[in-house]
Amino acid sequence: MLWHKAWLETRWRFISAVLILTVMAGGNVYGWLATRALLPQLNTTTISPAAEATGLGSVIREAVELNKTFRGYIWYQAFRQNLTQMGVLFAVVLGCGGLVTESTQGSALFTLSLPITRRRLVGTRAGVGLAQCFAMAIVPSLVIPILSPAVGERFGLVDALAHGLCIFFVGAVFFSLASFLSTLFGDIWRPMLIAISIACALAFASLVIPQLRIFSVMSGETYFKTGSLPWAGLLTSAVIATALLYSAAETLERRDF
Amino acid sequence: MILLKPNPSSGVPIYLQLMGQVKHAIETGALKPGEQLPSIRPLAEELVINPNTVAKAYRELEHEGVIELRQGAGAFVSDKAPTQQDAERLKAAQALVAQGIQRLRARGITDEEIRRLIEAELAGVYRSGGPRGE
Amino acid sequence: MFTEAEVHVVSDRPVIETAGLWKRYEGVEALRGLDLQVPSGSIFGFLGRNGSGKTTTIKVLLGMARPSRGEARVFGCSPSGQDGVEIRRRTAFVSDEKDLYDYMAVGEIVAFTRSFYPRWRADLEQQYLRKFELPLDRNIKGLSRGMRTKLAMLLALCRGADLLMLDEPTSGLDPAMAEEVLQALVGHVAAQESTVFFSSHQLAEVEQIADHVAIIDRGQTVVSDALDDLRARYRRIQLVFEGDAPEIRVHAPGTHRVRRQGRVITVLSSSSGDAVIQELRGYRPSSFDVSPVSLKDIFLESVRTED
């Protein structure tokens, strides 16, 4: 019944996450209508070559080009921005909590007096959390192909699944990070803030160090541009997530209550 | 239930208090020879005391011949009818105590002091066993 | 099962045993060489001031904290690793705060706990649900402290456990509820052949149901004995003299606290006073009183700060 306990502890967070992300994805689909109306204007907009040479200029250029097609628009707005950013946030939120947090609330001693190993506790919580991350990544992604016909467009089911998978793998990294940090701190805020700070730091660092472009993996940029999944990035994410969860288990094992 | 809750803080071990109560019940006729005593578990629960304590009291009572423990059946007041003799012996003892207390009171010794003297005397008898000199 | 007058011993080996147990938490020494033996089938009272190490001892025995040094054994096994899991399968623990899962209902936590114990007693579950009047659908968050304590007791008593470890089982309860809890404990021990190890500040309760007692002070055992033996051994002796009381020196062993005030000398002895009494009589007091000592006074004497 440990699964049930983990579920009870995280169900509202999970349900909120899925709902919000799904609504955002759906909102993005409907937002296409407004964007489509703007398209004629976009075509006449010119950016001078000089401006384009600057960093900001090329970003604007890229944005304009991408938003000209439904597929590009969806990738730009939904996968690259909303689902990635909010996905990281919710993955962190899901990963917080656990036994050490329980000890500030008092029931940790009851849990620890049960005939279970601490590893099993961490494993159960991680299992439930990862399943939740998966649902949180896939459901909003699937909403896109389902709702696209309503705005007169089509989006491939396989494409949506591929993007969902990318969101899940990288989201799992942040989930595991939050889980690990939660074995170090008793309160629920420090793990959250630290994990999000690390996410922001990575985002900035990746502008300078290309190897750290974890969010590009999350948004499935490679898949969008070339049709093949970012296997190296996904594998690295899986390895990092596993290592973090293992560290969480080991840290908890050594802790005195 | 004829047995009263023992006083845990009185300094007298609970099993001794129980033994005293059982003996008293036998003397006053509240428990008759051959009658069954309450079982250990319900008695312990009723009085909210340790079952081991009840067991110890019963064992000591059996050792003194006051009760019999029959395997599988329970604890019974022994038939030997020491009760009558005990009752008479105790009546005589009671008279002696009453006499002694009256005389001490006549000397102006308060009840509290009398109680302490008796306690001291008993403690000496329990532990030293030898003659007390003063 | 209890047959008439059989001493309640499940095995000869102590259920709980510690030897030279040390525990240090971030520079604070909670346990400093604790020695403890809890006989099987006993109701064992564990006394000590706040911060003396009672809760730490229980945590170490249940594998919640690792000893810094020394040994701790429950059922002959070490509380860590897989052995620890087996120990906890046979043990029921109730914490001081009696904190449970706020987000569950009474029925939910009963089902949750039941799933971990193959020896769970469904008959006792029904019995205690009725007796303690616990509503199955009420959220734990909405339970009063008394109800929470009763729920925690139910969860402990139904596990089919060989050992019950209770940290202040009746703290915060009114006398009627406290008696209910004690009664459930006593009834359980009588019927289930288990050992009870409980810490308490309620000395009257300890005197009521415990047959063994240990007093811990500053991380060490200072007294450990059968309660009846303690009662038999400790004596308070008071001597009154005609004139000012003389300076006396008592050589007999087991003498604590010799206090002299005006014409009165009071001596506390923990070795049944035989030798002490003989020695003191030699001073020829005009009056000589011997009285028993309550557990409270034994406790206060054992844990007092140095004069």
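Note that the chains are named A, B and C in the order they appear, and that numbering of residues resets to 1 at the start of each chain.
By our rule, a contact is a pair of C-beta atoms (placed from the backbone, for glycine too) under 8 Å apart; a residue touches a chain by one contact, two chains touch by 3 or more.
These figures come from a predicted structure and were not determined experimentally.
Inter-chain contacts peak for the pair B-C, counting C-beta pairs in contact.
Taking the mean of each chain's C-alpha atoms as its centre, the chain lying closest to the overall protein C-alpha centroid is C. Here the spacing of chain B and chain C, counted between their Cα centres, is 28 Å.
Between chain A and chain B the centroid-to-centroid distance comes to 78 Å (mean Cα coordinates, whole Å). In whole angstrom, the spacing between the mean C-alpha positions of chain A and chain C is 52.
Chain B has no residue in contact with two or more other chains. Taken in their complex, chain C has these residues touching chain B: 2-8, 41-43, 179, 182-183, 186-187, 189-191, 203-204, 207-211, 227-228, 231-232, 235, 272-274, 277-278, 281, 288-296. Taken together, the chain C residues at the contact with chain A in this complex read 25, 59, 62-66, 82, 85-86, 88-89, 91-93, 95, 97, 99-104, 111-113, 115-117. On the side of chain A, the complex with chain C involves touching residues 1, 4-5, 8-9, 105-107, 109-110, 112-117, 256-257.
Those residues of chain B lying in contact with chain C across their complex are 8-15, 39-41, 44-45, 48-53, 55-56, 58-59, 62, 69-72, 74-75, 116, 119-120, 123-124, 127-128, 133.
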